[in-house]
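The structures come next, written out as structure tokens.
You will see two complexes here that share subunit A, one where it goes with subunit B and one where it goes with subunit C.
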Partner chain A sequence: MQKSLHLDPNKCTGCLQCEMACAWENHRSFTIAKSRIKVFTFHKEGRFVPYTCTQCDEAWCMTACPVDAIRLDPVTGAKIVLEPTCVGCKVCTIACPFGTINYVASSGKVQKCDLCGGEPACAKACPTGAITYVDADWTGLGKMRQWAGKTDTNPATV
Partner chain B sequence: MAWTKNVLRVNLEAGTCTTELLNMQWAQDYLGQRGLATKYLVSEIDPKVDPFSPMNKLIFVTGPLTGTMAATGGRYSVVTKGPLTGAIACSNSGGYFGAELKFAGWDMVIFEGASPKPVYLLINDGKAELVDASHLWGKTVWETEETIKAQHQDPQIRVAAIGRAGENRVLYAAIVNDLHRAAGRSGVGAVMGSKNLKAVAVRGTRTDAYQMANPQAFLAATEAGKKVLAANGVTGQGLPTYGTQVLMNVINELGALPTRNHREVQFEGAHDISGEAMHEKRPTDGKANLVTNGACFGCTIACGRISRMDPSHFSVKDKPQYHGASGGVEYEAAWALGAANGVNDLEALTYANFLCNEDGFDPISFGATVGAAMELFDLGILTEKETGLKMPFGSTEALVKLAEWTAQGIGFGKIIGLGSRRLCEKYGRPDLSMTVKSQEFPAYDGRGLQGMGLAYATNNRGACHLRGYMVSPEVLGIPVKMEPQATEGKPAMLKAFQDLTAVVDSAGICLFTTFAWGLSDIQPQIQAACEGDWSEERLLLVGERIWNLEREFNLAAGFTAKDDNLPPRLMKEPAKTGPQKGAVSKLDIMLPEYYQLRGWTKEGVPTAETRSRLGV
Partner chain C sequence: MRHLIIGSGPAGVVAAETLRKADPAAEITLLCGEGEPPYARMAIPYLLKGEIAEGGTHIRKDADHYDRLRIQLVQARARGVDVARRTVDLGDGRDLPFDRLLIATGSRPSLEKIPGMDLPGVHSCWTLEDARTILAKARPGTRIVQMGAGFVGCIIMEGLLSRGVDLTILVRSGYMVRRMMNPTASGMIRTWCEAKGVKILTHTQPQGITLKEGVLQVALGEGRVLPADIYLSVVGVDPNLGFLEGSGIEVDRGILVDPTMQTNVAGIYAAGDVAEATDCLTGRRQLNAIQPNAVEQGRIAALNMAGKTAEFRGSFVFNVLTTLGLVSSSFGEWQGVPDGESTEVLDEAHYRYLNLQFDGDRLVGANCVGFADHVGAFRGLIEGRVRLGKWKQRLLQDPTQIMQAYLAAAHSVA
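Then we have the complex of A and B:
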């Protein structure tokens, strides 16, 4: 079974534990500027929205890369940047419609979410269940259940 | 190791920014944040200095756990000599600013002197510069943050700024970061204003700024800590759901909710302004005041309130800029803006709270000062002619108007901006000022909760609930239940709380963790982050050292045992209703024992033995 990151903004409080976990996993530092997942605050709406790569099947970053530095991890479905191959041309950052692959000036390479090899650190760190790692075919299950719970199955009474 | 070991010293007069190494001996003795910056301040300024003199200094400081995965590890403090009190001032804030400062590579920024013209400090990792802020002077905190981000084309900059209240030297002006988190008390924002310093803007991207002494142990300890917070009823459920506002009905029912300038101890409108009420749908627009809860950096509790006002409320009807969501009322603010004045209109409280955030002033001191003014009005000492408006207890219109005037520094708002002690003295009734060391009480009656009374009287920064939260044992039964009216054991419990709190405030984490965490939960996190051996005993000694260092500063500034006191109302006027009916403060019974436990003389001065034991 393939799994996907599932992001639920309604549960996010903006604590940024996910960003620290990501930065730690990949840079051994808590500096959130290096995180591959970002939480956006929409202050006037009172909303916090975590956002990262959705691992497109038809991944434009992968297609656009001129040196074949982005490869598919067949187990997790993640599109992974091969750092030694990446030449830092940034074409992938232009190709990605969602902005979730970004250049890292200190390394001269790009970085994106690689699902941590199947154990995403952000999901583990999230204290509210806003980020979970679930069956890729059933990311809608929670929402379905929520609506199912609202279905009125009581017989009408007079 | 959890320290960056770098201090940024900014001379505002000369316009220079210089780097120096952190005094690691002091870090070992005072840990960080509150303790460490106090040590620097005490070593560098004359305790008798006028708080608004360029000779006073202003320190922004982080702790070793700031900017780490420790739950709530995002705190910073601002330490200075406070203009409201004339005592040591140390105001603690959350949000995201503190962690960003650490990511940029700084434990501390020390501001000295005063700038000849308005400036803001821009920090970009190792690079720091003072930038002209002429265009920002006269602007609110919210406008300032927006302008700085736009100007540098960087939405990821974190900003801590003063609003017009800080510029106008409102004596309880705050420094507000991330729009609605504040280093709120004692007027640290007014000191910033006196230095012509409008804001500190930071972007931190360094991955090498600091390391954990033992990363594996650190991750294990912080993960264990988070589990404890999640499993605890207060930090896992009560605070996320209702915020600190979970207390409004509880404290009211206990008869310890100061009402109408402490004339009464129960408020008939408590429910209307409670955490529960924030969840209820309004009849006007069918929406609840509360939009969601929000967290500060790294916080797995998320007690913050994000509120949206009723757009048809009279205070904001024609002001669409207040129709969006922003920081809602916490318990202390709801009490001060509400019960302390007899106002039960949650929407008006939310509006006043927005203004406190927008222009940077402390809702506790502001609301309590309005309460005192309303009593003066009630007694006929203040008149409409003097104030420009009718201001009886319970007047929503007066609250709203005074919040606007104080924010803008106009009319009677200028007098309200002086705080309760100066207001009441000006009108010949100093006895009506509900303050200790000139700082206004927060939301617990010192008659109803005897331990809180002692905590207020002995607090180094004047009346405040955040230096020895006796509400925990007296109301919540944490760590043990103590009867509100009992005095036995309270001085010892308070001393332990004060020392532990000093450690928490110096570590970079939030005091609210201690609803669930004991020292045994905190110690492993500090131990794994910091080099050296940090036993629980040593940490408590550090806490006690900090408390005594603050005390020594205040004594040198001219405070004496006489200032460890409560207003006559709390000593002589019995609580009128509720479970604590008939109670007055029994401070005189508890204070001598407290001094003795502290190793102080009867005059409240640390003995030679205490000084040498603590190395203060």
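Then we have the complex of A and C:
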């Protein structure tokens, strides 16, 4: 059974441990601006929403890449950026309708969640269980993926 | 079934791969028109910067990729299509037969209609061969006069400057990248370039080019002449469809296609820059020369060629551009729509700008300068025709809340 990240905003306290864990895992730095998972703050609602790539089946980033720099990890199902191959053209960053693949100016390459090879550091670091790594069927990502599959016709409800 | 694909850019390559998956027994031939392995023009700016070797531009990296998928690469250019005999004329006496044909011939540089375009030292910057020529000639101090500051004109600047050249950009209109960027965004890009030592002359159009003692003389009118070692003509692109004249395949600005990417001739399809499909925002037919559109159309065309059912849902124009390190992007109806509303936030000193365009409570367009994070969500919001509800009002007050609006409206998470 393939696993995926389950993000539950109801349990998120905005502590940003996940962003620090991600930045450390991938950049050996606690510069959270470089984190691949991002916690968005909703001041009015007093709410925190952790957000990163869902490894969607459409893989818009992977199909849009002109130089074959994004590949599928057959073990985890993650779409992985091959840094030495990426030229930094950023086409993937506008092709992904979720906005979850981003350009990193300091490296001149793009980055996205790669599930840390099957042991996501963000899930390990999350103290409240807002980020868990569970069987894909349990995550309710279906809704999001479905939405991705028909972005042109379906007005999402507010 | 014999599938023939003309053009080995992203649309052609993705179509060939999709065909192989969908039709394991088929014969698949991919015509490459430039004597090169399939490569991506998107990567040429990085070749000019010296960050990658030529292999880095190749669309697929494994040497045996096409062999393994039994995709036959043929180095030849199509000179004509005989729709009755169902053959493609290669101009060297060979006629390639097909059962299904995909035309994915992309774009070619628009030609300036001024005297001197055939002189040595006058180049475009479109093909790998163009890049080789520029790399061979551009040395520290080389005077380059570049006509055009559109997408290609801007994205190649960094590579040119990295060679230490003396760069002058001529712009016919008052604005750089005016097909992508509003005057504010365009002005920021100009200021950025000038601060990096690029000379930019707007409202300037060469009258002609001559050669005097080995130096190009670019006449700008009123007696003004610019000396140049290289004249780079990058004034836009046109769909590459001249070879279809008289074929019976219906063209307007591009090849007209239905939602299955089929042309007016049964069994003949078109995809990518050369195809004129429906824009999902305006409902009008239009060319859309961007990479994500090319690969999606290539995929849809291939599925239909293999007898599967797939429809292109339409696309809209969006693009991302890096000009000497300054990242900008453009989405959809960035010029706004009648009775629409807009909002923006501008920090000129730090080169940050965000402009949003709304139609009712839907986002329909955007321009960004210096905002590069999560910009894909703009596509999600626009293409998904997501109703922003109360978030529209919040965005009018603070456009930087765009990701919060996206998460709340598209994913109902807040």
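In the analysis below, the second predicted complex is superposed on the first by the 139 of 158 C-alpha atoms of A that agree within 3 Å, B and C clash if a C-alpha of one lies under 4 Å from a C-alpha of the other, contacts with A are read in each partner's own complex, and residues count from 1 in each chain.
Criterion: a residue touches a chain if its C-beta (ideal position, glycine included) is under 8 Å from a C-beta of that chain, and two chains touch if they have at least 3 such contacts.
This is a predicted model, so every value here is computed, not measured.
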Task = On the superposed three-chain arrangement, identify whether subunit B or subunit C touches more subunit A residues.
result = C
Ask   = So, A:Thr31: does it touch subunit B (first), subunit C (second), both, or neither?
value = first
Request  = Could you say whether A:Val91 touches subunit B, subunit C, both of them, or neither, answering first, second, both or neither?
outcome  = second
Key: subunit B versus subunit C as contact partner of A:Arg47, first or second or both or neither   = both
Task = Please indicate which partner A:Pro66 is in contact with in the superposed arrangement: first for subunit B, second for subunit C, both, or neither.
result = second
Inquiry  = I'd like to know which partner A:Gly108 touches here: subunit B for first, subunit C for second, both or neither.
reply    = second
Request  = Based on the superposed arrangement, let me know which partner A:Gly99 touches: subunit B (first), subunit C (second), both, or neither?
outcome  = second
Ask   = Of all the subunit A residues, which ones make contact with subunit B and with subunit C?
value = 45, 47
Task = Within their complex, state which residues of subunit A touch subunit C.
result = 9, 38, 40-42, 45, 47, 49, 51, 60, 63-64, 66-68, 85, 87-103, 105, 108, 144, 147-148, 150-158
Inquiry  = Residue numbers of subunit A touching subunit B in their complex, please.
reply    = 13-17, 20-21, 23-24, 27-34, 43-48, 106, 125, 127-128
Remark   = So, in the complex, the side of subunit C touching subunit A is made of residues 10, 14, 40, 42-43, 45-46, 51-52, 56-61, 280, 291-292, 295-296, 299, 313-314, 318-320, 322, 325, 327, 329, 331, 372-380, 383-391, 403-404, 406-414
Ask   = Which of the residues in subunit B end up touching subunit A in this complex?
value = 67-69, 71, 96, 99, 103, 156, 179, 203-209, 215, 219, 226, 230, 240, 291-300, 302, 304, 306-308, 324-326
